[in-house]
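What follows is a pair of complexes built around chain A, which joins chain B in one and chain C in the other.
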Partner chain A sequence: MMKKCIFVLIYILLISSVGCWDRKDIETRGFVLGIAIDDYPPIPTGGATTQNESKPEEEKKFELMQTHVGRPTYAMTVQIPIIKKATFRSSSFEGTGTGGPATHEITQVGNSFFSMTREISSRLELTPYYEHLQALVVSEDVARKGLHEVLDFFIRDHEMRRRTRIFVSKGEAKKVLDVVPRIEDYSAILLAKLPLNSTVNSRLIQQTDLGLAIENIHKRNDFILPYVEATKDEIKSLGAAICKDGKMVGWISPIEVEYIKHIRGLYEGGVLNIKDPYHEKAIVTLEIASSKRKITPICEGDKPKFKIDLRIRGSISEYANLKYHDLLDENELTVLEDAFASKLKEECQTVINSIQERYGADVFHFNTILKTRKPDYWEQINKQWHDIFPTVEVDVSAQVKIAHVGNIR
Partner chain B sequence: MLKRIKSIFTHRKNENRYENQNIEELKKFKLGNDLDDNISQLLRFMGNCFDIKTRKLTLSKQNVEVAVVYIDNLADSNIVLEHIIKPLTINSSDAESNANNNLFEHIKNSVISAGTAEETESYDDIVLAVMSGNTFVCIEGYSKGIIINSKGYSGRSVTEPIMEPSVKGPKEGFVELLKDNLSIIRRRIRDPNLSLEKHIVGRRTKGEVVIAYMRGIVNPELVNEIRKRIQAVDIDDHVTTAKLLHFIVDHPKSIFPQVQTTERPDKVVSALLSGQIGIIIEGSPTVLITPVTLPMLLQSADDYHENTYIVSLIRFSRYVCLIISALFPSIYIAITSFHPGILPTTLALSIAGARAGVPFPAFLEAVAMEVTLEILEEAGKRLPKVIGQTVSIVGGLVIGQSAVQAKIVSPIMVIVIAFTAIASFTIPDYSLNLASRILRIPFMILATTLGAFGISIGVLYILGYLCSLENLGMSYMEPITPYRLRDWKDTIIRAPYSTFGKRPEFLAPEDSQQQIITKIKKAKNKGGP
Partner chain C sequence: MKKTPTLSNIQIVSFTIATVVSPKILMIQQQLVDIARQDAWISTLLGTILILLSTINVYFLALLNPGKDLPEIYLHNNMGTFLSKLLIVVGIIYTASYVCIAINIFADVVQLLLLNRTPSIVIALLMILTIISVVRKGVVNIARMSDIIAPFFLISLITIIALSTKEADLDNIKPIMYKNTFNIFKGTISTYGAFVGHAITIFILRYTQEPKKALKWCLLGTATPMILYSLLTFMTILVFGPTEIETMLYPTLTLSKAIEFPITLLERLEILVIIIWIPAMFMSISSYLFANLRNITVLLNLKQNHYTLISYVHIIPIVIVMYMVQNTLQSITYLNMVEMLGTFLGLGILPMLTVISLIRRRKEKKKQNITP
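Right, the complex of A and B next:
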């Protein structure tokens, strides 16, 4: 009896002295869904959808914060859904549905992201909560200045998640968050769901995790990040930002992204068009179901060589600009397969060469392959890799198998 | 301080100790030779009540006086008249040839035509017999009498079990009358090894308690232990299932039921056949089964009337429901107030949206809903069935709906509590259901103070407690722990009957073979139609 009493007392003591340390009711948290990082100055103006009544000049007064040291260099915008308008749409509950934007966007200017997030609490009754952060949009200017400096807080803090999607935006990043999507409620969630379409569109990059980007930065790998562009009410993922040494160095086109994905073995599905070798005008479409890559490093002399073998399986899904064609002839199929293969081979080669020339950025992660397959050799050339990469020879070969020719009747 | 509080409620040993002198006195008295003396003594003992009937007869041939004593409403008047009084008056003429010495034997053996007739000479036997509805016959000149079984009171007829209905199983349930219950069990086990031991419990009420077990199957030590515990029960009052099980379990203060109470004869029969002991109490429509373990309490009668895969799924979901019933509100509290990060974003937003405008924290909300639920259930139990429906409509629909609309509680909380309540109703054993309900409150407190960490502390404590709980030398979590894989055939899943060869090992049955499985090769139909 006495023992039990002591246990109960200890429990009460523990609680009363520690308090309910993390207790916070769910509705008092401000779920930050998206963050946009822009350069400062100037403060981003964003779209015209600012819901605040006050004039821009007056608004900007709050955006500046007093810093401990240094000058403000970044502007961070957080997207917080207005919960009352957001969810549980049922006719019997008032205050839901129409009118006004569904999110509240707060811009804060400063030089430390952590103090900026804390500063936001002085302007919002809800406590910002980052565990549901969906998307991080970094403007191109910031990315060119260096991603490393920006992203540290977003991986170091315990509320941050590795799976947050990261994007580089053309122009102001706030403009991307300002978009009011037509179907999805919040632009941040739209952004987070966008890469999931990479199974049907090979121009989208599915590996966009914040954790992965940070990992690459720390490993001194080069990588690509999805590049997004926004209009007033639409967001489009368009090509990729190519990053070297944790800095954006250039932009590559969507088609180049496709071939990079082929070479890296990340291809999940997409299309490939060629001109029909028999018919002048016809464009044949191959729906690629699977793309398998086999890469072999050949380490002779002071420069490694790579042999890439692509195996594509797909089906013919369209024959455009041609009246009628049944494709039942086996020989014709073989010719088609070869045509696709040579197209793929050529393009891959071109993309590799062009990236080697333009940026010298190893976005194909050849260094990882060397490191895992030929560790001894890697030790030798480790230091000079950035000099070696632009001159590395790559030999691409491709094999295409057409599994189905599709319905024609 | 606590000791002082405790002493208010506990029995004070030296004060007010009631000595039942009447009954102690009775044991000393024996019947005398004088009939009138005997009868007046007996009536004095029984307080000269109006319903005690004494009929004096004179056997005409022998000119001997005979008295018949019975209680009017307890004894079957048909038996008393047709089989005791009538033969005594008419057939006594046949006794001519008998010597006077054998008159007692003659009456006992040849005259009285009732089912049983026992000799006795002590008053306590006679009083108990008459009080339980038997008839006492006393003959002039003999210092002994005859007790004739004439119990004739009627009870409720056998009906469907109310608390444990079954879809395909038998629709017969126990009733209050001991003889009916015994006959229900006897009818199902036509085995001479079925042992029924009668014990009298209750200093004043003298209720009958029957220990039922299968000789040759049950572990005899268990029977001895139970017998010892029942014999040691010394209470004044009417013995009920709840009271009795308080005396026969190891840890009566535990909230977990260590004895199974059931209204279903088929449950009792299968328990007896697997080596458990049944305790049947007069006046109680529930039968106790002991020893029992937690997995047994989650078995339902319907589990044995369906296909093994279907039953296994249902059984598994029942275990999940037990966990949900105890933990779901606390998990909800922990997630919404500590760890909203583990929810999918859209769900987190929708919960936050539902909770927006609710004035109370999730814990108070949950406690309020829990209390409301208990009130509704209690009200539903007390009221007759016709009004009970009104309560459920007013309580469930009107209060629930308007409380949500008035933003006193969030709709999600209503869902959580309702789901928890429904889950708790799937637990077949009502006492276990109550235990899981009681557990909710401490878990909610833990969740609101320490979050998921608190819940895991609580779960670990409960698991440790359950594993260390013992009754009759048997762990409460048998056969899950201690680990006996062979006995898992009837726990989380119900394996096919072909695996039910051995009885549960942990009950230590004398005869462990339950059934012998012989595979019959099916003749292949080669010809075809």
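Right, the complex of A and C next:
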């Protein structure tokens, strides 16, 4: 009996001890929704709102931290929702700003992100908690210096998630976090939801997460990340930042993103416009329902060639700038299909040549195609790939099938 | 004295499933990818075949020695007392080391992901006390617990595999078997070592009602988790690719973290995995501890009522190992060493024992035929 009592007592003690050590009330956590990383110096000023209520000069003292080694090189801003404000806004249906900002943004300057997160704790009554981090915005300057240098902490720490969205900002990254969205409560949530529209807008990149960026860096693949710009209350995707060797080397337009997605087989939906072959001023719009691609590597000689076959299926969704047109018949549809195919082929070819020439970055992942389908050949050329890629010949062909014409002929 | 059969044949399935789960389920992909790169999934498939063959061997070994478990089989087969006892000691070293290292890794993972501030020694002690409370009551208790836990574990594994298909990229497994045959076979042996727990059947068949009809249940119990592990490895490679997996410590957890689920409530799917993994580890370690109790009681010629005392003695090496192992990487290295010993026992000693048992059996039959 005595033995049993001792056993039960030890057991209860151990269980209760576990609870004590890790007890953390939810209201003591500061849920970080977004992080912006800017180059330092200078300290980012962000949007021109009164997000930070104290004077900037006074706050600068707090934003600088003592470092154990080296000099501060980055400014990290974290976005923490003010839960009370969010509740106030949603329950009273008041507009943005009436209850004050719904988020608290704290900037810290340093050279180790983990140290910066801990330093932020010295300025907050809440413990920063990163499990629900939605978006990471990196400024163009930081991206050009190198992404790998800043991303290690965000992939190593157990609170972080690989599916956190990552963006490159035109100008200060803090400015993107400072946006007070019109519908959503928090800019980080807006950013996280933005790529979901890639099913209807092919100019948005859907694969934008931290894990994929890191995977590409580890695989030494070139890749693209969404490039965004912010106003006071809006965030707009401006195309993509091109990353080569883990560093941003340039920028491509939203239309170029569209064609890259066709070539990479990432196209989820979007539109394509052409001039009507029968009426010079008219514009015909094709809503693309599916885009499939087949890439065939041809490995002869020192340089490989690639043959890309695109197969598009879609619907006529609009005739613009046209007062009247004849009823659509099958012959006309065939002419339109050819015109769309020709446009697609031409644009894809232009985009490939342009990226080869401007950046020499294999964002089409032709290297993966060689590596996986022609491993013998890849072994011979993989070390010179970055030199070979800009001169690689690519032949694009396209087939378009119009399945529907809408409600009218 | 004839042992009273206490387990139904179908309980072998859940018992084996629960035992085959090892700490390696969280990290096997990393180890295999390190060896066989993108073909690691082929290694797990071949490993599954090897493990099934090994299960058949274990089953026949048990049939050739009815009513006996492994340490008793060592003593029963006229191998000489010294050699028999030496092999039992090797078995004790294997099972005890496994228990200690597995608890160490368990405490490490729980601390990393759930209880950051709780000392790992407390987590380990809590686990071992819980395990002892089940194991000291004998095999029936372990089997009952397995019956409850195994289905949940399998469902969670299937859920992760199914949900991760969305993130899969077929290019990640290509080129298939390109100049990699030797590494695939090396990976096969590693797979065997990681899931050598299937050999638990040699300890539990003596307690089953109809051991002669138990083969299909033994195979089912081994094949079910192994096929799921193969699929898990396959999906992990499809989602991340070998280069990325090499950088990961716990690929299964990373996979569960990488799954995007539309329901916000299940945003932290990895917690579900941990919640299921904790009882699964509990079952696996319980089975190993039971095997160790059997080894020790046979070696020292003790009775079942000593189980409780021997169980508590295990706390000492566990605490020593907890203080001896400096970090996660070191505990994984130790686990790999323990698995090598398990591979030696499973692929070396057990088949040899079957051959010896077969020869002994034939000799006995001959004697019976000669004697009028």
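Heads up, the rule we're going with is that the second predicted complex is superposed on the first by the 372 of 409 C-alpha atoms of A that agree within 3 Å, B and C clash if a C-alpha of one lies under 4 Å from a C-alpha of the other, contacts with A are read in each partner's own complex, and residues count from 1 in each chain.
Everything that follows uses one rule, which is that a residue touches a chain if its C-beta (ideal position, glycine included) is under 8 Å from a C-beta of that chain, and two chains touch if they have at least 3 such contacts.
These figures come from a predicted structure and were not determined experimentally.
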So, does A:Thr67 touch the first partner chain B, the second partner chain C, both, or neither? neither
Quick check on the superposed pair: does A:Asn197 touch chain B, chain C, both, or neither? Answer first, second, both or neither. neither
With the two complexes superposed on chain A, say which partner A:Pro81 touches: chain B (first), chain C (second), both, or neither. first
If you stack the two complexes on chain A, which partner ends up touching A:Thr368: first (chain B), second (chain C), both, or neither? second
Return first, second, both or neither, reflecting whether A:Leu33 touches chain B, chain C, both chains, or no partner chain. first
In the superposed arrangement, which partner chain does A:Gly211 touch: chain B (first), chain C (second), both, or neither? second
Which of the two partners, first being chain B and second being chain C, lies in contact with A:Glu131: first, second, both, or neither? both
Between chain B (first) and chain C (second), which, if any, makes contact with A:Asp22: first, second, both or neither? both
Would you please give the residues of chain A that touch chain B in one complex and also touch chain C in the other complex? 15, 22, 131-132, 161
Once bound in the complex, which stretches of chain A touch chain C? 7, 10-11, 14-15, 17-18, 21-22, 131-132, 158, 161-163, 211, 214-215, 218-219, 368-369, 371-373, 375
Can you tell me which positions in chain C touch chain A when the two form their complex? 112-119, 122-123, 125-126, 129, 133, 171, 174-175, 178-179, 240-241, 243-244, 247, 254, 257-258, 260, 267-268
Interface residues, chain A side, partner chain B - complex: 1, 5, 15, 20, 22-27, 29, 31, 33, 81, 83-84, 86-88, 92-93, 95-96, 129, 131-132, 134, 159, 161, 189
Could you pull out which chain B residues touch chain A in their complex? 2-3, 6, 336-338, 340-341, 345-346, 348-358, 361-362, 405, 411, 448-451
